[in-house]
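So, here's a batch of structures to check.
Two complexes are shown next, each including chain A; its partner changes from chain B in the first to chain C in the second.
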Partner chain A sequence: MAKIQLSNISHTYNPLDLNPTYALNPFSMTWENGKRYAILGPSGCGKTTMLNIVSGLVKPSKGNVLFDGNDVTNLITEERNIAQVFQFPVIYNTMTVYDNLAFPLKCRDFSKEKIEERVKSVSDTLRLSSFLNMPARKLTADQKQLISLGRGLVREDVAAVLMDEPLTVIDPDLKFRLRRNLKEINEQYKTTLVYVTHDQNEAMTFADNIIVMDQGEIVQVGLPKDLFERPKTTFVGYFIGSPAMNLFETQLSSNNSVKINDTIIKTSTNLSKLKNNNLKLGIRSEFVKVAKDESENLVEVIIQKIEDFGNFKLLTASMGSLTIKSKVNRETEIPAQNVKLYFPADKCCVYEDNKLV
Partner chain B sequence: MEKLYKILKYTFITLWTVFIVAPFLWAVSTSFKDFQSVNSKVTYIPWLDFEPTLEGWRVLVKSPARGGVDIVEPYFNSIFVTCTASLISIVLGTLAAYALSRFTFKAGFVRNNDITFFFISQRIMPPIVLSIPFFIFLSTIGLLDSLLGLVVVYIVLLMPIAVWIMVDFFNRVPKELDETALIDGCNPYQAFYKVVLPNSIPGLIVAGMFCIIFGWIDFFFAFILTFTEVQLLPVKVVALNSSITPWWSLSASALISVAPLIIVAFVVERYLSKGNLSGALK
Partner chain C sequence: MNFKHKYIFLFPGLFVLIGILIFPIIFTIRLSLSGWNSYTPEMNFIGITNYIRLFTDDPRFWESFFRLSFLSVSTVILQYIIGFALALMVWREIKFKRFFRVIFLIPMMTTPVIMTVIWRTFFHESLGPVNDLLGHIGIGPILWLSDPVIAKFTVIIVEVWQWTPFMFLLLLAGLLSLPKEPFLAAAIDGASTFRKFVYVTFPLMAPISIGAIIIRLIEASKIMDTVFVLTSGGPGTATETSSFYIYIKGLREFQMGYAATLSFTYLVIMIISLTIIAKVLTKLMIKE
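Showing the complex of A and B:
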């Protein structure tokens, strides 16, 4: 267990080019001991590169990696004491399940009793106990992934367990249970867990802190609530949440209000320093309501579609060429004509050049 | 329609089997014939058509002094040279292939693929191109007409095959396997021999099989690089021929020349059909 610091890290896979393209642009970050982190972002945004830099499989082009303040940038993977689980199960085909789980401990010369105790504990947690003497290659894909996971968890003293979309091949029911297991393991052993995923629900339910990445940049680090309510960029707003955040081109109207078409929308943000270029207004569909007796921040719309999801209704409405989505309670009455939607001022986010003001 | 397909299938298989097996049966029957049974009229079935004799086989183990051609010593020479050269080629070739598969090499315009091609190109050349250089090389270091010299030459011939097969095999073993081993606490050497190598046994067997086949059947280099001290089986079998072609002992020697390869084929086929070759990694 260790506090992991990444300081001024950047990485390119073609360092000899004159204008190398960077898989990771310079950033610094600290992962506190014993916490759960999720790295979230679309494919090819640099998530895996970041993990490989921490585990030592990739040496960063620039910057340093520190474990508890010690610089480990030049240490090879073997010396870093880190566990990593890959997207697809990697097992040692020629060994039994027991030997697979025991391998990381055997490599580090643990005593036989200790190995037995740890393998038993991990195999119980992952429900692999009844397979211990079977050849690992005979197991199903998700059982194999459990073995990969088990090899990551079998050492108690690891600096961190890094997981690269580990539950992709596992069926949904087991996925849910495993996420809970991982949380329990984290709470019990205080292991730092870093979890890469492109599934926002997985990230939201699993992590204390979410790191959102896009095109080699860290876009936002924060609690699930922050990411949801105050996305720092339009990308985060778009990427997180289902449906994506409503985003409209807008013009500045006054110090605290903007104009969509001809409708004035008040916000709780001070807009006095804006230069009025490339402004966008963003609001989550969860916060857009059907107006009752509100007198301002109202938008007159035509309802295009109402989808019933059982626990909520999703309205798709249009105002001129703009489309607005709103998630409302099942019970909400939706008038047939003259529908007005209400945008609460404190939930309206204004973006200048796609960055939150 | 299905029935027709079945009939055609089995007809084809039967014809093919006859095509493959017939020469062997012919050789077996001929090896038990004497001069009379071969040269008078066409005969097929022992005891009915002709009186079987072991003369063809006896000649092979009798010393020349007693009118035989003793192929026992060349037989063991061939086994020694083939096995030693194959083993060394597999060891060196596997190491080279692993390096070529996992690390990036750059030397001027030369890249990994060029190096792999360089190995294969050794087999593209007609062997005769190499005969004079090999002859001069072995005579310079005093290994002409010796087993060790042949082993050296055969390593040159067999290693490209090992490298070629193993590069392809290692390329299909996911990089994550090595990485997992590193994360689990192996150093790069341990990762290779504790994890990657045991997973590559099917590849090693295929490469080994090809090395043994190509080593065992080589006639050309065995012929030009040996004279009196050392002889290998293919050379000796050819030397059996004389003014009167001894069909019976030629058949017998052909059969025992093929025997080791048939045994290798059976062993390997068994191992491969266990399904160990299929990528069980994902």
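Showing the complex of A and C:
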């Protein structure tokens, strides 16, 4: 187990170009021992590059990687003591499940008793005990993925287990069980787990800390709640949550309110320092309510569509050319005409140049 | 669907198939039942006399067949080992990678007959450079072409030189098509180079290896030009292979009927043995 520090890391895959395109822009970050992290972002945003820099499969163009304060930037993967699970299960086809799990220990010359003890412990946790003597290639895809994971966990001293979209090949209901399994493992072994995914639900349910990335940039690091309620950029608002955050072009109206078309919306943000260029108002569809007796922050809309998702209803409404989405309880009565939607002031986020004020 | 005219459209294909495959085989079978030779050049019918002669009174054919088995199996094994080693060498990022890849392919691009003439000159026992060089360090002279045992190895050397590039090409293509992740995983697990080869590279390459070995075995079994030019089957019959023996019977002694018998028997044996070899290799290497 180790604390992992990435200091001033940046990476480009074509360092010889005059103006190289950076897969990762310079950043610094610390991963605490024993925590669960998820790296979330669309395809091609640099998630895998970041992971490979930590595991040593990619050497960063600039910056240093430190494990517990020791610089490991120039160490190759074998010497870094890291475990990585890939998108597709990687197993040694010619070996049994037992030998697969024991392989990392055998390569490091552990004693037979020690290997047996560790393999037993890990196979119990992953519920692979009954397959130990079977050839690994006869197992199903998700069991194979468990073996890949098990090879990471079998080394007690491993600095962190890195996972690159490990549940892609696995059935949805099994995914749920495996995520819980991973959490248990994290609690039992206190292993630092880093999990790369483009699926926000996976990230939200798995991690203590979510790192959102976009185009080689770390956009926001935080708890699932922060990402949901106070997205730092419009990208995070758009990327996280389903449906995406409602975003409207807006003008400044006073120190704490903005104007959409001619409707004044109060916010709980101090807007006095804004220069009034490229302002946007963002609010989650979960917080937009059908107005009952509220007197301000109301927008008059025309309902376009009501979709019933079973546990909630999704309203699509329009105000002039703007579209507003609202998630409401299925019991909510929706008037036929003169519908007003209420925007709670404390849930309104104001963005200047796509960054949260 | 009942489309009566489909045979019209199938005909060109069927015609080619019958013309180049079925007809020659049937003709060979019929020929093998005749006594066609230079005295009686006609398609008479003598029953299975030729086959009785082959199985009771022709040890030379069987000797040449076992010699062929030895030569083809040993050359293909050597080609596989050397070809795999060369492919592994230029697979990873090394300097002058492209240069080596082209260099290793050159023997395959040359004409076997011409190259064999050059090799024969190399190995000429009194005038060739090989014995001359060996003489300088006090070895030899070695009877490259006139010693019954050494001549076999000379043939093997030339064959391996000529055809290793083909094996190299197939195996390199195979290596380049392998997924990256298993190697990364092995690196993370801390596997040594040897372990990586045994548990990752070799198992992943097994299907391609089997394909390459079978293709080369089929090719190697037809060995003819090398033997013809290098030793003409000599000394005595020490390097005579099945195809060369069939050539002698058919085109030098003009025993066409008997040569057809040999050819057909050879074909049947090859089909059966290659099928068995393919099955055994699959069992050994893939373990499914």
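Going forward, the second predicted complex is superposed on the first by the 357 of 357 C-alpha atoms of A that agree within 3 Å, B and C clash if a C-alpha of one lies under 4 Å from a C-alpha of the other, contacts with A are read in each partner's own complex, and residues count from 1 in each chain.
Throughout what follows, a contact is a pair of C-beta atoms (placed from the backbone, for glycine too) under 8 Å apart; a residue touches a chain by one contact, two chains touch by 3 or more.
Keep in mind it's a predicted model, so treat the numbers as computed, not measured.
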- Query: Aligned on chain A, chain B and chain C: do they clash or fit?
  - Reply: clash
- Which partner does A:P104 contact after superposing on A: first (chain B), second (chain C), both, neither? both
- Query: Of the two partner chains, chain B (first) and chain C (second), which one does A:L75 touch, if any: first, second, both, or neither?
  - Reply: neither
- Message: Just to be sure I read the superposition right, which of the two partners does A:L132 touch: chain B = first, chain C = second, or both, or neither?
- Response: neither
- Message: Quick check for you: in the superposed arrangement, does A:Q84 touch first (chain B), second (chain C), both or neither?
- Response: both
- Kindly list the residues of chain A that each of chain B and chain C touches, one partner per complex. 55, 57, 76-78, 82-84, 86, 88, 90, 92-94, 103-104, 107-108, 148, 151
- Residues of chain C touching chain A in their complex? 179, 181-182, 184-185, 187-192, 195, 199-200, 203, 287
- Task: Give every residue of chain B touching chain A within the complex, in rising order.
- Result: 174, 176-177, 179-180, 182-188, 190, 195, 198-199, 201, 280-282
- Note on the structure: In their shared complex, chain B is touched by residues of chain A numbered 55-57, 76-78, 81-84, 86, 88-94, 103-104, 107-108, 137, 141, 148, 151
- Which residues of chain A touch chain C in the complex? 55, 57, 76-78, 82-84, 86-88, 90, 92-95, 103-104, 107-108, 135, 148, 151-152
